[in-house]
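In structure tokens below, several structures.
Two complexes are shown next, each including chain A; its partner changes from chain B in the first to chain C in the second.
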Partner chain A sequence: MASSWCWNCLSRLRPTPRALLPPSATPRISSAPFHSTAVHYAQPAKKKGNSLTVVKHRQSTSLRRKKKKVADRGGRPPAVGERKALRKRIVLSNPNALEIEGMLELSPATMVDSRLRGTVLGLPVPMIDQLRAVQAFKPKQGWSIFRRPGTVLRRDTIEMGRLFEQISGEGDDAQKGKVVKKIITGMKGSGKTVHLLQAMAMGFLKKWAVITVPDARELVSGDTAYAAIEGSNPLQYVQPSATSALLTRTVDANRELLASLKVSQKHPTLKMLKPSSTLEDLAKLGFNDPAVSWPVFQALWTELTATAPAAGLEKDFKPRPPVLVAVDGLAHWMTESAYRSAEFKPIHAHDLAFVHHFLSLLKEGDSLKNGGLLLYATSASNNPNPKGLSIALDRLAARQAGISASSPEYPQPPAYSDADPRVLDLLQPAEKAVSPLELQTLGGLTRDEARGFMEYFARSGLLREIINEQWVSEKWSLSGGGIIGELEKLGRRVGPTASLSK
Partner chain B sequence: MAWHKPTSLTQAMQSLRLTTTLTKPSAQASRTTLNTLRPRTYATEAETIPAAAAPEINFGAFSQKPARIIPSSPSYFSGSPRFIDHVLKLEALQAKHAGLPTVATSEAPRMAWFKLPQFRDYVGEPVPMKKYKSLVKILQRLNRIQPDMVPEEVRKAVGAFLRPGNPYAVENIPRTVDENGRARGKGKRKESTAVVQLVEGEGEVLVNGKSLVDVFKRVHDRESALWALRCTQRLDKYNAWIRVQGGGVTGQAEAITLALGRALLLHEPGLKPVLRKAGAITVDARRVERKKPGHVKARKMPTWVKR
Partner chain C sequence: MKFRHQTTCGKTFGLTEDFLPEFNEKQQVTAPNDCQDTSQPTHFKMVFILGVNFPERNLLKKSLQTFFGIGGNSSARLMSRFNIHPTCRVGELANKQVLDLTAVLSEMKIENDLRREVLNDIKRMKETGTYRGRRHALGLPVRGQRTRTQIKTPVKLNRMERRL
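Let's look at the complex of A and B:
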């Protein structure tokens, strides 16, 4: 309230009593020429804006929250496949991550170099498309936090690199045409799938034919079309679209190789094939027309495993390269599939022609005539846990440890267990095999390898720690003995523990 | 304010009688004095010889049951006679043997006197804390008598106030690392119990025969399980072999923390302040509070419903 003193003449203005105020109907003088007008006359200043204190009558005064407006998508759910595409999206690069100076690439020289053990080797950039084509990368492997994809060179990797050299016929103890069959197991996060990826990368480096089944489950989950093969006994089933997808993958990844090889065998079922056509042309027949994809795949397989040309086709014959077959999620092939027969009985996975083909490679016999590597990995997180498989794998391990099948320590299925006899028969280790089925169990990294791996995180700018012996061994213990998936979790974690350990 | 009608009547009668005797004329003046001393007799009564004095009362053996039993303890009518008896007895002993040489309190044998509730049970009286403390003081004074000179009666009297199975008599064998280099520690938290065998090694851990990662999916649980080793930076110097059962994941992890801390103390007792500060050997004795009748859970009340 303004003072009732006049500051010019220091006289007291007489305050007018309130009762004498003129009625509000009389026009107000908006501005007084002299301050004879008392302050009381002034109208209260009008509040600006719609303040909350304005009392609303004839309305409910209870609290009303505004509902969040849902972004209008035109009233439609996302398009078909949009969600899945988002879920399966693979990001292989992160421009925010630091570029690592002097990062070596995987190459025929580095992949067998034991001095580089524990370092992270980048995957060669031109190869990444090939690896994408064979679906070597999986969505949640943490590729998207680094500048470029890279993998650790661990002991198992170097051993595998040497194996590639041997089978390709290079190096000291070359064994050209050798077939190595391995089932890869290990704990969750122990790097089985990345081990397959490294194998594929090495296969591409060595110019092998790489054939992969990135997810074994897709073939038995009942998602793709299937049809019985007429006249087969026991009845087998083909999966045309899955086969077509396999051919697409194979062609995309091995285009250069397949384009350089000419058809060398006779395929009476495929009339449209010319003698001069390449294997790429052959495979393309399959993915243009899924109906013939299975015969096309069989033809491609005979071409890849051919050791000599058929009569009359000797002209452009080139020796076939070794083959790498990589299958991920083997356990899904050891149960009954989700498919049903005409009698509405479940079809066993081994009755699917596609699955049967790849599983029969594990058996003793002339599976890969030009040599090669079969890597069949199990999965710890996506595992139907068939009873027969665990016993079969135990038996494999026992046989590798030198326990004979007649010894009492040899694992037996428990009494009255319903272990699948087909599975047990399939993985039964043969007595004196030339190329026996091996069981490779991936464990954790060693401390040195773990250190190299964590340094990779630090150099990428993800980890702000001083990496020393003690810090690494602490993380090594926390990750259950260097389980690489757990190490990755610890490395990318930015949280209270990171600051606690200082 | 008394209506003394009947009494006044008898008084009147008696005065009447008195006057009659007085008014009786007596010939011998010498006998008048005797007559006044002799008990009054009625005229119809025969003269008898004076009665003999009653025998002295033997309080030890009453011929008949007395009307009131005389208490055995003089402190019967105090509130807590048995307690006071004890006190008096001990005080008497203390006074009697006050001259015996004593040792320092620290050198006197350690005695587990009754706890207050036990003592109340023993005497069967609601003894207050303060009074019991004064009794214990006397006991402690008696206990300070030089051990080789303690009289038998004192020893006996003092012995009556000891808890059964004197806990201080049992000597705790301090746990040590065994001949194979294993230290064993136990820990509990919530419903879980963990036993850790700790040996020198390279930081490998097995929980129930499985990897640490298999048992504890959360990194936080793994960290809290190995916290004792981690906060002392000993993670790469020991191997742990752990068995844990009961409860949930968090409880198991924290039971392991405690067990591991205790096992580590056997290897390196000097780490105790560090471990104490880090909370690795602090026992958390909390358990689930029981559900109460009328409540939905331990404390939660059902929703109030009008009518």
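Let's look at the complex of A and C:
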């Protein structure tokens, strides 16, 4: 590049005259312009910012932020009912778990065998559909970690098995047709619901009629339709769709039994019923038409508890089997429901006809004419804590321990407590009752039972430990004295326990 | 309320144009034949309660509460009066229950009747020159709240031409 200095004369070259340079203000346009208008005719660009916006009269001057737009996550929301179905899904098998060789099944023989105490017995495969139908399995019970569903044969189970045998009339004839009424309590995780499941399984094995209320809360939470029964005093309410669901459950689970029994009583309210129809046909009437579901259930109940046929219907009469009634979450029935009467007063759960029917079975002397078992379990985790239930249960326990009602040790409700008189009255014993109400409290497993249970985990490949006396003893103590729900947590937690114990 | 204004095809309540201009714009009376909302897919069944169509999957309690003047308490009372459970969907109602509800709702002072009453009350207070009337007119809180901060709602609502 040429310097502006002349090297020969070392004088500065004259600068180019200014007049020859283009004016610096106007840009040089080297190519054809897109706009034909000169740039300097254009409007000056507006200033950004809100200095020009006028604040309105009495407008708040606090900071205004732009609302964030919710990011579209893409895809559609789950379909109606999909999330609930996922929540309520019950998985009964885990193909990754090892199959246990020589695993025994629950059967009329094994369920009373005290040599098998502490072993885990598989539930018979054909029965699983029936158990599903009565909603015996609950979503969070951990069935999904084993190859096939099975339950421990613990002391309470064997005792219950013997009860089933007695009531069915095997062995002692005097016990046949007995009614046993039990309220099952116990700590959280002590196996109350699984105890009911075992009862249902035994009921199916013994060909009993199994009627269950898997969740007592559903009846009182205000989620199903209700209607007043006109003319009842005190006013009672039916729950048609809940009754319809009960009939569906009952028929699905007891189809074989109900199909083999014929109608033996007269039901003037159900005109569509023929004398030759089976109890299955009877129950099916209430499936689709919730309006008649309650009368249909009442008719089914009279049929199941019938001891002799009505006149003219003797031809096909078969003796009715014993009945198992299992209710889970009893405490929900001991308080006011979420329903309201027409006067906007809360309806007590005992005023719902469905609930009243099942609770009155506890009260009456021989509520099941052909014998049977009433098992009403409380729940420790889903407990509305109704006023008066705990004192009523304490009284039951005291009575079982031989404390008379006049004794000063007999539990009394605390002064000024508003214990529900209806609850206290319901669980009050009748004088010289034929079949008194019992309280059964489930505790922990014994160490031997706990060992059998933990071995089941080990043999399923879930627990990598050497199961010996010391190890079981440690876990038994850790689980609060063999509370089975806690034992299960210890058994399925592979990592930390394994490293700690080494 | 948004949904109701989109699909409403019911009657208006005979308000004059200058009295409540805004509702009249929203609740134009249309010919009965135009009532079908063609933007909805046909598989949506609708239930007609007091001149308003509700999709049947909606909760009845929420649907009742879309009426001006019906809140949580009145809707719960209404439903228990006809033995309708709290989580009932609109589609689960029997025909008779729909008719009963409509009959009771039509006797209640709700929607524009109630709006008119409230506006008349405010107007009366303004005309008699009470303190509350003045506060309404000035766009200031009426019930003794502080005015240093947090008066967005009265600023928004309390005008000379009050709207609801």
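Following the convention adopted for this analysis, the second predicted complex is superposed on the first by the 422 of 502 C-alpha atoms of A that agree within 3 Å, B and C clash if a C-alpha of one lies under 4 Å from a C-alpha of the other, contacts with A are read in each partner's own complex, and residues count from 1 in each chain.
Please note the rule applied: contacts are C-beta pairs under 8 Å (C-beta built on N, C-alpha and C of every residue); 3 or more make two chains touch, one makes a residue touch a chain.
Predicted, not measured: the structure shown is a model, and the values here were computed from it.
Once the two complexes are overlaid on the shared chain, A:Q175 sits clear of chain B and of chain C alike. Touch criterion met: A:E486 reaches chain B, while chain C stays clear of it. Of the two partner chains, chain B is the only one that A:S477 touches; chain C does not reach it. Of the two partner chains placed around the shared chain by superposition, chain C is the only one that A:A227 touches, whereas chain B remains out of contact.
Within the superposed three-chain model, A:G189 lies in touch with chain B and out of touch with chain C [touch as defined at top].
Looking at the shared chain after the overlay, A:Q400 reaches neither chain B nor chain C. Applying the stated contact rule after C-alpha superposition, one finds that A:Q298 touches neither chain B nor chain C. Taken together, the two structures place no residue of chain A in contact with chain B in one case and with chain C in the other. Residues of chain C that touch chain A in their complex: 57, 76-77, 80-88, 92, 139, 149, 151-152, 155.
Every residue of chain B that touches chain A in the complex is listed here, in rising order: 202-205, 211-214, 219, 222-223, 226, 229-230, 233, 235-236.
Residue ranges on chain A touching chain C, taken from their complex, read 58-60, 62, 80, 222-228, 237, 338-342, 344.
Contact residues of chain A toward chain B in the complex are 187-189, 469-470, 473-474, 476-481, 483, 486, 489-490, 493, 497, 501.
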